[in-house]
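Chains here go by letter, A, B, C and D, matching the order in which they are written, and residues are numbered from 1 within each.
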Amino acid sequence: MRAAAIPAPAWPAMPPGVIAVLFPLGLLALWSVSARFGWFPPQILPSPTEVGTALLDLARNGDLARNSGISLLRVVEGFTAGSFLGLLLGIAMGLSPKTEDYVKPLFTAFAQVPTLGWIPFLMLLVGIGEPLKILVIAKAAFVPVTLNTLAGIRAVPSIYVEVGALFRFSRWQLLRKVVLPAAIPPIFTGLRYGLTHAWNALVAVELLASAEGLGYLLVWGRQMFWLDTMMGAMVIIGIVGFTFDRIMAVIESRLQRWRLA
Amino acid sequence: MKRALRGTVLPILLLAAWESASHAHLVDPRILPPLELVAHTAVYQVTDEGLLRNLAASLLRDMAGFTLGTLAGIAIGTILGLSRIADRLFMPSFNGLRQIAILAWVPLISIWFGVGEAAKIVFIMAAALIPVVLNTYEGMRGASTQLVEVARTLTFTRWQLVTRLYLPSALPSIATGVHLALIYAWVANVGSEYFMTIGPGIGGLIIAGRERFQMDLVMLGILILGLVGFLINRGASAIEARLLRWRPV
Amino acid sequence: MIRRRTLLTGLGTALATTRIARAEDPVTIRFGFANVGVDNRQFSGGNAIATAHAEHYIDNELKDLPGVKVEFAFFKGAGPAVNEAFANGQLDFASQGDLPQVIARANGLRTRQLAAGGAHAPMYLAVPPDSDIRGIRDLKGRKVAIFRGTNNHLSAVKVLAANGLSERDFQGINMDEASANAALVTHNIDAAFGNYGVLLLADQGLAKIAYTTKGDNPAFERQATLIAADSFVAKHPDLTQRVVTAVVKASYWSSQEENREAMFDIWARSGRPASVYRADFAGQALRYRNSPLIDDYLIEQYRVQGLQAKEYGLLRREVSVDGWFDPTFLNVALKQLGLEHYWTRYGADGKPQGGS
Amino acid sequence: MARQGHLQIDRVSKQFRVSGAPLHVLDAVDLSVAPGEFLTIVGASGCGKSTLLRLIAGLDTAFQGNVILDGQRVTAPSLDRGLVFQEPRLFPWLTVAQNVALGLLNAGLGKAARDRAVSEHIVLVGLDGFQDAYPHQLSGGMAQRAAIARGLVNRPGVLLLDEPLGALDALTRARLQDELQRIWAAEGITMLLVTHDVEEAVYLGDRVVVMAPRPGRIAAVFDVPHPRPRDRSSPALAGLRDQVLAALEATTSGPPPTGMVHIASRPALAEQVFLPAE
């Protein structure tokens, strides 16, 4: 239930979209003013125009498209691999408590260490090439997808399973007709987390060891003291993250609607 | 008992394979150091290299950033959750900003806050802040209108409404946020040790292990990371259960 | 206020409850090195400023001022990290290489160069022992580590250009020295550009040197200087003078051939064996390498570096060397110590000049 | 606190807008409640009886007409008017005693006086021994007792009860009805009880107000002259109950809402009708 907020003074009638941009616009204005009057040295805070120009430059000379493309490809590959394995393991554990008994402790131990912790280990193991990036991203997606798939399958209401048993569904029929459809929304939640984690992991691994990609653009900007490039890269990372999240949220709400229906 | 035994099968097999591969020199022992070497490194690090001091430094920094981030997060989440104006004005921006992968802030924060502990703590704080704001916000918005009516008939003041109704009713949600914040802060702490200036800490230990090509050191670091993460998680769950004992189970 | 601090660092510092700027004495001089020893040892090596630190020249010079302390910081992130610290007002002095300094100036950081400290330094290309890379031209299409934004970077770019290559011709990977060394040993990369640090690997037989700027065009050499924050110099000219004097004294000691081995031993406190420095300095006079002079050669080098950095896309705008160098403190020190004619001045063309 | 509790409802009307069209929830309601009176209100759902209570409580101020308590116009909630809801609405994170104490938060009492008042009222509602229980540990009836204690702890002049016993099982309900009656007698306050249970209304009330829906208005008022303690099964009460029930049925079975119903339903019940006093 939504609480009526504490009685708020009437806000001038403005669409929420307009109100939402007031703050960023104000911040931008403050930032411009600060740059104009040099409140902060430009080595600490470049002006918004500089950041804009840097972004434009990156877009124009192709660096932006190239680096974003590389990052996106890595995420897609790593996420696909990681979530596929996560789905398999999650389903296996969800359907067979025995499998869970065998695998879960090792999995938990593996999941307990943050992705960031595994990166140096994997660097020594597989080097700093493309396999490292894919592995790290896959690991990041793998854990939440596995856990949510497992939880989703376990949470299938037993009454549905009983209905299936009543009609003498085979194991396969039970899985296809009852368990999986009922578990799809939580599984999708896992995929959504997985994608967010994968994106974060991409930035981590590109910061640590890469010669290209959006994370690398950040490092490069930092070392060359191009704060404008750096902040531009942050903006792009945010936009991509936001887009991922939106897409997944839309699909998720579709699935939820279907579940309610 | 039987189930617990099953759980040990895979880890034991894995370790056995590791140990034999390492001893049979199937794999470069620099990549898979024998387990006794890892154990030895652990003992040596504790006794001679001040591992515990490193760990304490990491934890102290973690706690500082976590505490600041959590307090700020609760305050911000409360304001956003209770004031419609603040919600409309700031929430969309907050939602946009939080999409920037947290590690992407590292360079900017290092430049803004310089070398030393301050930048690291700010970074950890930012990581802890996000889940707390979101969950506090959700919790505030989820407060029961029915209880708000009760509060009105009892002529609660605004402050009483916040402290006696909104905050407690958001508590389960806030607890979830704080729990997440603990986990995120720990990850961010490792990140800060990786990407910001060198200082004592477990992340620094892992990086040093990689640079010196000492897998045993890297593995020791990973072990500690996992262990601390596990303990933090356990501790948070225990505190949560204690704070929320009024909830029906 | 003793130190210029930005609002943000002020906040950050307050958060960390570290030092809080006080209104009057005592002064802490914060001195940074764009370099750190092996395993994060708090020692540097390879130039006279490292000698000054390790042998306490600066502390000694300030001995009679009980309120004045020196703190040294060693930056794993090398030049770029030093620049960040200057931007934050967290450093007063530093030993820094040419490209970071050019970058700093191009971005309007307010620092000035007070003396040379590690000019004429060579740069190396290290490859695994079994590598088929014999020279710069073989790098085409390979995976090569460069620590971007450092003076190795600019030197590498120039060497590449001289061989008809650019960074786009191979897969350049940005790595600090320690990472590059680890990657080289594990064959994760095919080659690494670096300074004397890579000699350590060669020393251990883990790599070989496929190319060095030594004996090649002196224009490829790496330069480094002692720099100071303008604000500090303006506020404490007396202390600045003492620091420069200390560095000149250390340069003098470090330029005497009879101290060569002793000096390498001092630098070995950084964890890099003396043999590494011995190899780095082999065949070169100490007086050449450890000269503190700001001569026409040095100024010309920085001018050219600025132009070339722009040309190779490392800078966004033109820079001019005007006002970068401030030899006044150096000249006072040289006069005080009677060393005006000890080191050879080189002209813009790289040729020795007559006495000043 | 001077306890008077003389409540006057003076031509109170209220409209909602339901998808653009105005809906008359209350239409010119006039009612006067004497100090110390136990007034019960029955009505079909949607007749506005709960809304009326909310207006009296001061939870809702957007209406026409006046609600006057002891000469003062009601504009906001006040501790003079306690309200007990259909659901207990206890704060789940507080114990019974703490929940009751919420009522005294702004009463300006010292801690000792507050503690005393809380324990007195816990005893009053028969929850002695459950001071430290959390709401989720209570049965429905016990939770409602706690809510009543919270409504009473300020010793309000008027206690408004919005179907507080509606969700309880028959046995608990009967027991709480007696409890309410006992408390009312002991405290001597004015009580307004909204209910959909005619038997309850007749058993407890000095007067029973029957409300009609669309627009919400008073259809009839019955006096219950029977002395207390009353006997639930007495034929006299049963007879009155049937009359109230008939009046109630007339409010819903009649033709749909027009101004006509308002007038038409009254004459039929003329002999029992007491027009609102004054």
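Note that a contact is a pair of C-beta atoms (placed from the backbone, for glycine too) under 8 Å apart; a residue touches a chain by one contact, two chains touch by 3 or more.
None of these values were measured; they are calculated from a predicted model.
Within the contact network of the assembly, the step distance from chain B to chain D comes to 1. Chains that count as touching both chain A and chain D, per the definition above, are B. Two chain pairs are in question, A-B and A-C; the one with more C-beta pairs in contact is A-B.
Seen from the C-alpha centroid of chain D, the farthest chain centroid is that of C. Rounded to whole angstrom units, the spacing between the C-alpha centres of chain A and chain B is 17.
Chain B and chain C have Cα centroids lying 38 Å from one another.
Between chain C and chain D, the centres computed from C-alpha atoms are 85 Å apart. Looking at chain A, one finds that residues 43-44, 123-124, 219, 222 touch two or more other chains.
Residues of chain B in contact with at least two other chains: 110-112, 146, 210, 213. Because contacts link the chains in a way that matches no line, ring, star or complete pattern, their graph is best described as other. Across the assembly, chains come into contact as A-B, A-C, B-C, B-D.
Contacts from chain C toward chain A in the complex involve residues 6-8, 80, 83-84, 87-88, 103-104, 106-109, 148-149, 171-175, 179, 183, 186-189, 314, 316. Here chain C touches chain B in the complex through residues 8-9, 11-13, 15-16, 18, 36, 39-40, 73, 75-77, 81, 84-85, 87-90, 178-179, 181-182, 185-186, going by the rule given at the top.
Looking at the complex, you find that chain D touches chain B at residues 57-59, 76-79, 81-83, 85, 87, 89, 91-94, 102-103, 105-106, 134-136, 150.
If you check the complex, the residues on chain A that touch chain B are 1-6, 8-9, 11, 16, 19-24, 27, 43-45, 98, 101-106, 109, 112-114, 116-118, 120-121, 123-125, 199-200, 202-204, 207-208, 215, 218-219, 221-222, 227, 230-231, 233-235, 237-239, 241-242, 245. Across the complex, chain B meets chain D through its residues 146-147, 149-150, 152-157, 160, 164-165, 168-169, 171, 245-248.
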